[in-house]
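As structure tokens, here come the structures.
Shared between the two complexes below is chain A, which pairs with chain B and chain C, respectively.
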Partner chain A sequence: MAPLAPRSGDAVFANVERVNAELFTLTYGAIVRQLLTDLEEVEEVNKQLDQMGYNIGIRLIDEFLAKSNVSRCVDFKETADVIAKVGLKMFLGVTASVTNWDVDGTSCSLVLEDNPLVDFVELPDTCQGLYYCNILSGVIRGALEMVSMKTEVTWVRDMLRGDDAYELRLKLLKQVPEEYPYKDDE
Partner chain B sequence: MVGREVSESCVDSMIIEMVSSYCDRFYSAKPELAARRIEAIGYQVGLQLSERYTMERPRFSDHLEAIKFICKDFWSELFKKQIDNLKTNHRGTFVLQDNRFRWLTRMSIDPSETNGNTSDDPSVATTESKSAQSASMHLYFPCGIIRGALTNLGIPCAVSADMSNLPACELVNILQMIVDLFTQSIYHLIVNRIEVVC
Partner chain C sequence: MAAAIYSLFIINKSGGLIFYKDYGSTGRMDTNDSLRLASLWHSMHAISQQLSPTVGCSGIELLQADTFDLHCFQSLTGTKFFVVCEPGTQHMENLLKLIYELYTDYVLKNPFYEMEMPIRCELFDINLSQATQKDRVALLGR
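Moving on, here comes the complex of A and B:
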């Protein structure tokens, strides 16, 4: 039987259970607000958002692989495209563009014009230094780690901080070969 | 219903991770504090959602109308279904029952784990299994949502939740929320609350 063809982001999104984005946006906002109250330091909140994202990403990857039928990516360029066009689409309902590749092909930018996490959000002056969307960088990092890529994902532009778009810098640090729990000589 | 959508798994993962972070990382030794934070997050969400969903409407004429709004329109917006059963003692306590609560259907609770462990440590909770504890922690979030929503409608209240698995059908999780409306004598009302236990 031939392998299933990979599905487009739109097709997958149309087939998953979807909900009103408001619940998502408001829940995230309430979480960030509560974290700021409980943890007090903006840096600590950034760190925890990234950790939460990571924990989500390592599980979300399974759903992604199961529903998108995407086969193993040939190179990191393909990986970035898949995240931007299929991954983000099937979960957040938005796509990103991939730009600014470096010469080695190990580093690029994902640019989001549209971002459901930030609907109706404004950052007060007391939150200088907060990367409000840090959960997203964690999700991508966690998901990629589960498919053997160690990456660094950082925010370069953030509209909540006055920039004109949301830009994530995605950098491949290491391709980790899969480890099997068995020794060869046993 | 037009309007931006995201995948349901986004919402589910976020809530599960939020509860897990508060219970296992931030307040691992103090479940009561974790519970309060989770409820507070829900409260904030309920407040804002209720604000948005009632912007175009006139004020509710009485408590019952407001509770019915929660059971029908509000619950539908959140969970794509209405509350299945609403009961009241006509003295300020309401019981809202959802026979297939979306968020609980994603968590499996093993009924065989329900009887205590043989730990020597008296401070360890023995009556609830781990998964049941985890599920009850999650319930603080929707309780907060209801409390926030009703507070926004001018109705201060306390909300608690219980869940029970019907032996006949393991997939049915009944979520019963007990909403106590505060009148003059708050503590008196709590004493009169109907306890619905698994």
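Moving on, here comes the complex of A and C:
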């Protein structure tokens, strides 16, 4: 059987079930508000959002692989492209651009012009340290960990904090392929 | 040709058996045997990647014996789905891909399912039974 060709972000997005965008934005907003009420500390909320995102990401990756038929990425550059063009499109309906590669090709930026999580949102003065979309960084980190890449994902620019776009810095820490207890030298 | 699936196994990335379904009366195994077989297959699959003369080999996809065929699919996340069936059964790769999709839907999206643990999801069982019915499998060839 010939392997199925990988589908473009648009093709996959057209085929998945969609949900009302307002419901999505309101649900996410409710989660963040509740976390702020329960945890009170902005740093704690950031951490919790990242953890929630991680738990989503570890499950979402198989969904992504099953529906989009992407094959194993050759290098980290390809991984970043696939996340930006297919992954984000499939789950958020938006694409990102990949920029600012460092010399070794292990670190890049994903710039999102549009972000459905933050429709209608303004951060009050009391929540200035909050990374409202921190769930996204957790999702990407969790998903990549399940395909043997340990990464660090942080927000560089955040429109809710006054910047002009949403920029995520994606850094590959290490590739950890499956360890099998069959070493030749032992 | 009627599809005759003998059994289906799903192994997590560490080699532990998380799902086993038996469709025929011959070769029915008890829990311990199925666990042992799953670990064996996990190891053989890993060894085959090391032994393979081709670069970037991703492990055994098909094992053909006199009395059965074994088709194996490994996702990029390390979860393996393999089915033991009658020799010459068609469309098993498509079936495995379909089972992978059922896994991502009814198992992974169940918030009460713990990752890497044995699968105890009724919806998965129901949908799986539908997918493995003989007439459904024949349609997978389209």
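Keep this in mind: the second predicted complex is superposed on the first by the 178 of 186 C-alpha atoms of A that agree within 3 Å, B and C clash if a C-alpha of one lies under 4 Å from a C-alpha of the other, contacts with A are read in each partner's own complex, and residues count from 1 in each chain.
The working rule: a residue touches a chain if its C-beta (ideal position, glycine included) is under 8 Å from a C-beta of that chain, and two chains touch if they have at least 3 such contacts.
Only a predicted model underlies this, so the values are computations on that prediction, with no experimental measurement involved.
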One more residue to check, A:Val103. First (chain B), second (chain C), both or neither?
neither
For A:Tyr28, select first, second, both or neither according to whether it touches chain B, chain C, the two together, or no partner.
first
Quick check for you: in the superposed arrangement, does A:Ile61 touch first (chain B), second (chain C), both or neither?
second
Tell me which partner A:Val147 touches in the superposition: chain B (first), chain C (second), both or neither.
second
Touch test for A:Glu17: chain B only (first), chain C only (second), both, or neither?
first
Intersection of the chain A residues that touch chain B with those that touch chain C:
59, 63
Of chain B, residues touching chain A in the complex:
1, 3-11, 13-15, 17-18, 20-21, 25-26, 37, 40-42, 44-45, 48-49, 52, 77-78, 80
Quick check on the complex: what are the chain A residues that touch chain B?
13, 16-24, 26-31, 33-34, 38-39, 48, 51-52, 55-56, 59-60, 63, 90-93, 116, 119, 135
Chain C partner contacts - residues on chain A that touch it in the complex:
1, 4, 58-59, 61-63, 65-67, 72, 146-147, 178, 180, 182
Quick check on the complex: what are the chain C residues that touch chain A?
13, 43, 46-47, 50, 58, 75-79, 93-94, 97, 100-101, 103-105, 108-109, 115
